[in-house]
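Two complexes come next, and they have one chain in common, chain A, joined by chain B in the first and chain C in the second.
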Partner chain A sequence: MNTLKAKLPPISQLGPFIALVIACVIFGLTTDNFFTGANFALILQQVMVVGVIAIGQTLVILTAGIDLSCGMVMALGSIVMTKFAVDMGLPAPLAILCGIGVTAGFGLINGLLVTRIRLPSFIVTLGTMNIAFAITQLYSEAQTVSNLPPFMTALGGTFDIGSTPVSYGTLLMVLLYLAAWFWLRETASGRHVYAVGNSPEATRLVGIATDRVLLWVYVLAGVFYGIASLLLVARTEVGDPNAGQTENLDAITAVVLGGTSLFGGRGMILGSLVGAIVVGVLRNGLTLMGVSSVYQVLITGILVIIAVTVDQLSRKGAR
Partner chain B sequence: MKKLAFCAVLSATAFAATGAFAAEPVIGLITKTETNPFFVKMKEGAQAEAKRLGAKLMTASGKKDGDTGAQITAIENMVTAGAKTILITSSGDAIIPAVKKAQAKGVQVIALDSPFDGADALFATDNYKAGILIGQYAKVALGGKPAKIAMLDLFPGHPVGAQRHNGFMTGFGLKANDAKSNELSATPETVCAADTDGNQAKGQTAMENCLQKDPAINVVYTINEPAAAGAYNALKKAGKKDVIVVSVDGGCEGVANVGKGVIAATSQQYPLKMAAMGVAAGVDYAKGGKKASGYVDTGVTLIAARAVAGVDSKDVKTGTDLCWGKK
Partner chain C sequence: MRASQKLVMQAKGLVKRYGQVTALDGADFELRAGEILAVIGDNGAGKSSLIKALSGATIPDEGEIFLDGQKVAFRTPIDARHAGIECCYQDLAVAPAMTIAENLFLGREVRREGFLGQALRMLDKKKMLQTAMERMADLKVGIRSMTQAVETLSGGQRQCVAVARAAAFAQHVVILDEPTAALGVKEGNMVLELIRRVRDKGLPVILISHNMPHVFEIADRIHIARLGKRAAVVNPKRISMSDTVAVMTGALDPATLPADSLA
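The block that comes next holds the complex of A and B.
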């Protein structure tokens, strides 16, 4: 028993990679056109929005919090940046910054309510999720915003690696992941995020301002949601008030599949990227196989349960 | 923007509080959402007709499609507030027990747009026919070429999704289930099927995956116009031209997209008419005690920029005159 438990922690970290490899092998064997560079580039492009949201979500979950507002906040950010540019005629870069400012503002509100009034993040973000949704609908009058300036959709453009067209948005997503990984791993402030999630009391006692760390995590998460807004706009070439309705749970799914513990303090940011890709690979592969989307939902559900179970068992093992 | 949100809260409270002691007939309208232009138009139609006929209209809605809890609460509140007729676009069959309770108290309940068992009457688009029209159009527009069709659906198990899907296939001359079925049919010609949730970004993802499966797709059926816009974006990025995209709804954005060549043809439905007929039926019931019954087709018109031989269609201008949403 002890040896089994001792071996479990690495599985929780390797799990997402194993799931990804298995899925790829199965789809590679059962379909003709899964294993092409173009198809992989496409899957990356399809997960870039949820992938970047998942960076913010991972930060929040590492502090043992959760953020339900991320999808709706992203939708609001995309409506603000597109309407500011199209209706108010603001220069595109400024409009984009305004959109990211709004999402960061929501992060700030979440963070203040969590740190100052000590409300649970689940409830706070449930509230701000609804507020962001309502403002999005009212401000946009439920109308799609189109005819965007080219600058805004530039990240949707592609460049060739070999003969495979890769979008700039995908590149940005990968760079953001590498930056977040470096920050969390190599800097003191990054390690503090883990420490706050592990044991806020002990962290406070060694002289770290835990509330300030928490507040910054929520603000930073808001910035990532704002970047996701821009990626969504670049990908779809419109501001869509009906976007973002399932992205909160999609992002949490990616983070959990990626092996980050919902209890906080443990996990790796790159796992979230793999988690997001696993969901994208399932969607793509099952469509290529001609299998009903219900099975995608079923398989994702089973994988989430497995991921959480492995995490829980490895926690017991570590104790 | 915060002010706006605050106003919305105020007005929602006001809706809930009014209506108990009116002498004129009280009619309730419950929509799936407050914000979708389709339901905004429906509410406009109901308000105009209520004003014309001297009835009092109460409105409520769920937060999003599928929010049956909010609809059940609204039914209960409206019955308490004295509504004798309730018009409802059902978000799901979970509302049926609440509807039965209201009917037991003498309230007439009419389904608008979305059917459910036990409604006194249904005023709605014939979604199967809406599918048939775009199927016939796509068949003629494609000419004699072998069809490779992508089916971009809503999500599994939704009756409206199944009716449009199967209607399209029937109109295209393919073997498909009848209007009563909730199963999505498939034939060798339908080379790919994927879900969109009726959402633009997901419509784009679905089309991209379908093009990976078969790059030679030449016809795309879409559940609604946002999904069609997403599909078009995917086709454009993949450099595909001359693919026939057809859809259903007739919203102003969708009709404008027909004008731009994004969508080849769309089946337009008439939410305003559904609501106006519903209010009129409510006034009749209050005055004469006679309930409406059966199914009334509120009509569907094929809108296409380019007419094809043998299929009746109206042009973009007509579609724009009749569309719902912001012109």
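The block that comes next holds the complex of A and C.
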């Protein structure tokens, strides 16, 4: 019995693919231009921001934490890098680094509060989410930043594969996923991320500095949010103080849909990419069908709950 | 013959205080080569503080610890591990979702040679799997696949993995904390068998247990901790279980025991 079960991938890891196929079939049948190269390129371009945030979020969730601040920190990062470049006249590469530094700094704060004071990540990031949002509004005076230097929006440029335009940002996202996949799968520090989420006590007892692993996960997540800031800026060509609101939950949805367990220690980073694409396909397809954005939010909410339920049930089955 | 037996580990006059509480009050300890030494004692007798001091998990306030006659001062469990002392803690200290091979090498992973290992820090999974299979075969742990997740194993098999991990990497001493707690009869016997094989390989074993039948079945000597001291070390073949428990609880003065029941 056990052996058969061990050979089959758990349903939580097949879930995102099933969801993706179902969504594609429905949208393919109900809309005219869903199955076009241009539309898929558009979906991927829309997915890249959420996709890169989801890498950071996956790392945090693998350690059995959650980062509610991801979208807001990303928005702050994009405001910092655009304002530093436009208002302060910093060279674009330096401004970008400053933006990523701020998001990594937020990751560091999250990580320190979680590891030093032992606060639950849920509460810590709920706090930093609001702090990041407030700083974004105050610093930008709720104004959109425009007239960005071209260097900052370069990742929004495209190249052609066949006749389909693919943006450099999409390519960067895929490369980041492959790098994260390699790290988590093939290196000791990557395996320790899983071990910390799976059994912190056992991991500590074998002599791994679990707090250091956790701290680095939060900082690294912040770096990914910073890269997502840059992708957002590149795609929209402005610094938008009201960004990050849908991305926050979309990223968590992508990770959970992708089969990473909220209980930590189980999951696949590439699942999060599929999860992000599912979220993107849903938003795109529903838009093509003319469904209002409120219903899109409703459907995402329902999806998260279904995905978490599957996770919970499959865990019970494993016991 | 007994006097000539080499001491692998020795402690003299260990004292450990936690505020008002004195957990260790001048405890002595001796572990001989190739033996299974059971450590028993009531709650608060100081047995876990003793083990923590021996494994580097706490630093004693006073007293000395010797390993192979050399004085040692462990500041962390990692120090003890570097000295060849491996611990297996209570409560199945393994990561359930990870494979057996990964659990064996958790915290001491082997990297590939050359560029992949140096620059990319890539793990040598093949080598770790190979070594895991060898070590487990060495200890005759009958688990077929090292790539299955630990959670697919029974409780006894899991505990065997935890014990085997300690035994596979220990150079000097294996410390097992309640390895048969929470296991059924059959599963418990499986772990006891494994502990015997560890000793027969030549590694001395310190076994902390509450389970008197298991202790009497497997131990060569029994260290009885009481009130932060060593009350006596007895020979399970020459003393009854009830007398042992009486010494442990203080109902019997160890000075009144016949000399041949001491070890």
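Assume the second predicted complex is superposed on the first by the 299 of 319 C-alpha atoms of A that agree within 3 Å, B and C clash if a C-alpha of one lies under 4 Å from a C-alpha of the other, contacts with A are read in each partner's own complex, and residues count from 1 in each chain.
Just so we're on the same page, contacts are C-beta pairs under 8 Å (C-beta built on N, C-alpha and C of every residue); 3 or more make two chains touch, one makes a residue touch a chain.
Given the structure is predicted, the values throughout are model-derived calculations rather than measurements.
Asks: Check the residue A:245 against both partner chains and state whether it touches chain B (first), chain C (second), both, or neither.
Replies: First partner only.
Asks: Which partner, chain B or chain C, is in contact with more residues of chain A?
Replies: For chain A, the partner with the higher number of touched residues is B.
Asks: Please indicate which partner A:188 is in contact with in the superposed arrangement: first for chain B, second for chain C, both, or neither.
Replies: Second partner only, chain C.
Asks: Report for A:97: first if it touches chain B alone, second if chain C alone, otherwise both or neither.
Replies: In the superposition, A:97 contacts neither chain B nor chain C.
Asks: Tell me the contact category for A:287 with respect to chain B and chain C: first, second, both or neither.
Replies: first
Asks: In the complex, go through chain A and note every residue touching chain B.
Replies: It is residues 31, 33, 38-39, 42, 45-46, 49, 130-131, 133-135, 137-139, 141-144, 156, 232, 235-238, 240-243, 245-246, 283-284, 287-288, 290, 292-294 of chain A that touch chain B.
Asks: Can you name the residues of chain B that touch chain A in the complex?
Replies: Residues 1-2, 4-5, 8, 34-37, 40, 63-64, 155-156, 192-195, 197, 199-201, 204-206, 208-210, 212-213, 226, 229-230, 233, 237, 253, 325-326 of chain B touch chain A in their complex.
Asks: Show which residues of chain C lie in contact with chain A when the two form their complex.
Replies: 76-78, 81, 87, 89, 91-98, 102, 106-109, 111, 120-123, 125, 148-149, 151-152
Asks: In their complex, what parts of chain A are in touch with chain C?
Replies: By the definition above, chain A touches chain C via 2, 5-6, 182, 186-189, 191-192, 194-195, 198-199, 201-203, 205-208, 265-266, 318-319.
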